[in-house]
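Once you've had a glance at the structure underneath, I'll fire off some questions.
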Amino acid sequence: MKRHRTPAPPEAPRRGAERRAGVNRFSAWLRNHLRVFFNTLGQLYRAPLHALLTVAVIGIALALPAALYVLLQNTQRLADHWEGTAQISLFLKPSVSDDEAEKLAARVRGLAGIKQARVLSRAQALEEFRALSGLDQALAALGENPLPALLIVTPASEEPADAEAVLETLAALPEVETAELDLGWLKRLRALLDLMRRAVWLLGALLCSAVLLIMGNTLRLAIQNRHEEIELMRLIGATDTFLRRPFLYFGLMYGLLGALFALILLGLTLGLLAAPAKTLAALYNSSFEINGLGLNASLGLLALGALLGLAGAWLAVSRQLKQIQPG
Amino acid sequence: MIHFDHAGKRYPGGFEALNGLSFEIAQGEMAFLTGHSGAGKSTVLKLIALIERASSGQVIVNGLNLAALRERRIPHLRRSIGMVFQNHRLLYDRTVFDNVALPLIISGHGHGEIGRRVRAALDKVGLLNKERAYPITLSGGEQQRVGIARAVVHKPPILLADEPTGNLDPDLSREVMELFRRFNQFGVTVLIASHDLDLITRLPYRILSLKAGRLTGERAALTA
Amino acid sequence: MKRHRTPAPPEAPRRGAERRAGVNRFSAWLRNHLRVFFNTLGQLYRAPLHALLTVAVIGIALALPAALYVLLQNTQRLADHWEGTAQISLFLKPSVSDDEAEKLAARVRGLAGIKQARVLSRAQALEEFRALSGLDQALAALGENPLPALLIVTPASEEPADAEAVLETLAALPEVETAELDLGWLKRLRALLDLMRRAVWLLGALLCSAVLLIMGNTLRLAIQNRHEEIELMRLIGATDTFLRRPFLYFGLMYGLLGALFALILLGLTLGLLAAPAKTLAALYNSSFEINGLGLNASLGLLALGALLGLAGAWLAVSRQLKQIQPG
Amino acid sequence: MIHFDHAGKRYPGGFEALNGLSFEIAQGEMAFLTGHSGAGKSTVLKLIALIERASSGQVIVNGLNLAALRERRIPHLRRSIGMVFQNHRLLYDRTVFDNVALPLIISGHGHGEIGRRVRAALDKVGLLNKERAYPITLSGGEQQRVGIARAVVHKPPILLADEPTGNLDPDLSREVMELFRRFNQFGVTVLIASHDLDLITRLPYRILSLKAGRLTGERAALTA
């Protein structure tokens, strides 16, 4: 450029130079991306309150299904803890002693289709019954323990049909008075978890669309806001790709930050709920503690946020930019 | 370089702004477009930069038949044109430097080259000292000159200007015209819409007169 | 105005006329409000997609705490249905016949501090026990009914201290073997409902601030978007009140519509959840059905929406408008 | 009506745009303000409408001492001033009618009166037929005239214009000046910033010349 250092005379268009500058397409592309990336960061930094507002809104929208997911996971865990899988309760005849019960258990474990079998002695049965029903004193009032010993058997397969088959085999054993497949309790749990899962999906879908909407709306307004700039840029030859890029970065960044915000929010909420949950668990004589989202799900949330931000931006931008034409 | 062949422009609403307009401006030529308010001067410039499409006839710019130019190729066309707008069209949230740098940023030039070219352009319009100022702090004439710097910073082969001296005092107007002349001397094709007849009739360039969308008169270029 | 009908000559400023127009301040005020109101409606109508987006986002944010509130109300109702209030279970001695139990109940009803007393015969006790524990077959296995008859007594006061006093009196009765205050179960329920209430408040607060944020953000961008218009309006003498008004209407209207959207969303969600909830209830042999929000709470939600919209608008507008000055 | 008493304006950044400027324009007078680009013409008009506050000296407009005027009373001042802006400042999403109606809407006039007054104002600038058009569909000169109609529609006692003929051809410029003259004849105090010396020296009004923020010359009004 040395030859242009003389002050006054205007520079003629050097088409060769134009072309030379155009040769390294990749470096121009990279330069553009970097510029936009840092511009976006700069914008966030210069208008931190605005950025925070948008990020907070997105964060809240993402935090809610995540919170429900955590609730679902914890309930599931609680349920597993209580019940494991389908169980068969073998009520043994009163004549069967605890020793004989143990032997029976060993025999049952050897049968096909059985995963596990354990003895619940008469004393233990009373204890468990008490804990489950909460009617301690009522049972105490009974004086003598009316409960028989039990054999709790876990079938290898959880398919109701397989479990029924196992049940029939076991019911035929001479020591067994009655055999009961705990499908009732299982059904209830399943129904409950089903309900929750449905709610999570419903809420998740709702709130993901909310994030899309928020993102779209924010960007729609941001684009309208820069209406004149975009019009001018078109006039001096900016391509659609060029015009779109900063908004896509914007969406991506906001989605990502929103997800981060959601994670923090979730952490705080779980912290707040930990104490009452512990109290509740203590009432049930359980050492149950709420688990957080975990690393994988957290990363998933971040990815989801970024994706939703980008998608929302894309939707808004493609529609909007077309409409802004110099006139 | 610029060729109008029976071009017409009917705006939505039915107003016939241009009517069978034919003229040609050769590569490296400089010409003025004049006419009363509403004659269609701005419309001619808009057709050249494809801000509006001709509704009849043909417009050929830099070898491209604009009627056949696909939407995607419009940026390519516009990068070969420098435009000075009637109302400046500066971005008021960016410094003068950043405003002038826009055409270079769009075509992905490097940092160092942008700096050099922008300063060269600002120097030419006498605003090198206002590099870091925001347009709002400039007087009307200074803003007009920033617009001119932006139009030439990427050295386009065609330069269009829509009343570039409308907001300038007579001295500055002459200076700005001088600036356009010098660009033209370096081979740029220049077309300027203006109604400052006093000024342009004194210059030796071709003058096309419009009236109600038709060419009503033409003064050939004077030989110097 | 007749004397100005001649076409060309410009009208001189008639200060008298200015003043006359200014006399009826109230009609000017009303006219302004009506104009802004219809303008806002018109804007909604002209940009229905944009309006819908914003309304949907606000609606979702309002629907969530409302949904949790509905859940809380229903759980509360379920709990009331099951347990009513603090109850004292008097386990009667095995020697006490059902007849004698009825007589005892009549006597207990006469005591001070007692709201209600009913007999649960041995057969009924077994039935209820079965239903609560879900262990039908286990109980069937017991053969003979091991349970005593019960007297279920509701104290007049729910204060634990009062209930304890009543308990002591009743425990002293000769027919009574053991007396148990059902505080355990109550405590659990209370802990659970506490947890839920806390969650509702937390979520409610979170989402109300989200609505404020969304509203503020939407308006902030809307104002920036009309930057030039506001600047011009200031230049030709518009007051702050005048400039603020359309945005406040905007906030009010969007908040109200958002709340309406929330109500619709809630209705749809409850519709979707009704079937699984019924299935769940059927498993518990209950005819429980989910209740909606109810008229009062619905109106409350609408009011809340309007208020949040207005407040969000006010916050955004006051801050923003000051910043837009012609320069 | 307008009284500058050693008024100075130093812009943030330290630039001294006006420097001890003193002049007075009587009620019902018409005057021009001229000077090169950047001389401070627009700044003078800005001080009068309190778009900027003087940093020294006094400005008294319509009997109000602007330095003492509280923020809340600024709208009151501005309603007594009609302004024609250098860059039109029209709202592009509203029709010509709605643009012109703005000052009346702000002061809460009734529907019927707004219609009558707006049409009268548009009639005066010859744009009654463009009532329903959007500004973007108007030529530069037509937009300028819409701006003038808006400035006079509420019959302000003071009219300020910043280069109102910058975008107009010579014929239209003369017409617009004629329009301002007629407003003046009806008692409106008129101050016009312009560098169209050809035009304004031919008119019999007082001319104030600025240079670098100081009054460097004054041509008294010619008696007709």
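Every chain is named by a letter (A, B, C and D) in the order it is written, and numbering of its residues begins at 1.
Following the convention adopted for this analysis, contacts are C-beta pairs under 8 Å (C-beta built on N, C-alpha and C of every residue); 3 or more make two chains touch, one makes a residue touch a chain.
Given the structure is predicted, the values throughout are model-derived calculations rather than measurements.
S.K.: Among all the other chains, which ones are in touch with both subunit A and subunit B?
M.R.: Correct list: empty, since no chain touches both.
S.K.: Where the centres are mean C-alpha positions, what is the separation of subunit A from subunit D, in Å?
M.R.: Computed from C-alpha means, the inter-chain centre distance equals 63 Å.
S.K.: If you average the Cα atoms of subunit B and of subunit D to get two centres, how far apart are those centres in Å?
M.R.: 29
S.K.: Any chance you could list the residues of subunit D touching two or more other chains?
M.R.: In subunit D, no residue touches two or more other chains.
S.K.: Quick check on subunit C: which residues sit in contact with 2+ other chains?
M.R.: 327
S.K.: What topology does the chain touch graph have (line, ring, star, complete, other)?
M.R.: It is a ring, because the chains touch in a row that closes back on itself.
S.K.: All pairs of touching chains, please: list them by chain label.
M.R.: In this structure, the chains touch in these pairs: A-B, A-C, B-D, C-D.
S.K.: Under the stated contact criterion, what part of subunit C meets subunit A in this complex?
M.R.: Contacts found on subunit C: 50, 53-54, 56-57, 60-61, 64, 89, 91, 129, 132-135, 137-138, 140-142, 146-148, 150, 177-178, 180, 184-185, 187-188, 191-192, 194-195, 198-199, 202-203, 206-207, 210, 213-214, 216-218, 220-222, 224-225, 265, 269, 272-273, 276-277, 279-280, 283-284.
S.K.: Spell out the part of subunit C that touches subunit D in their complex, as residue ranges.
M.R.: Subunit C reaches subunit D through residues 1, 4, 7-15, 17-18, 21-22, 27-29, 31-32, 35, 228-229, 232-239, 242, 326-327.
S.K.: Mind listing the subunit B positions that touch subunit A in their complex?
M.R.: 49, 51-52, 72, 74-79, 81, 83, 85, 89, 91, 102-103, 105-111, 113, 116-117, 120, 123-124, 150, 152, 154-157, 179, 182-183, 186-188
S.K.: Would you pull the subunit B residues touching subunit D in the complex into a rising list?
M.R.: Spelled out, the residues of subunit B in touch with subunit D are 11, 13, 15, 35-39, 42, 86-88, 133, 137, 139-142, 162-163, 166-172, 195, 197-198.
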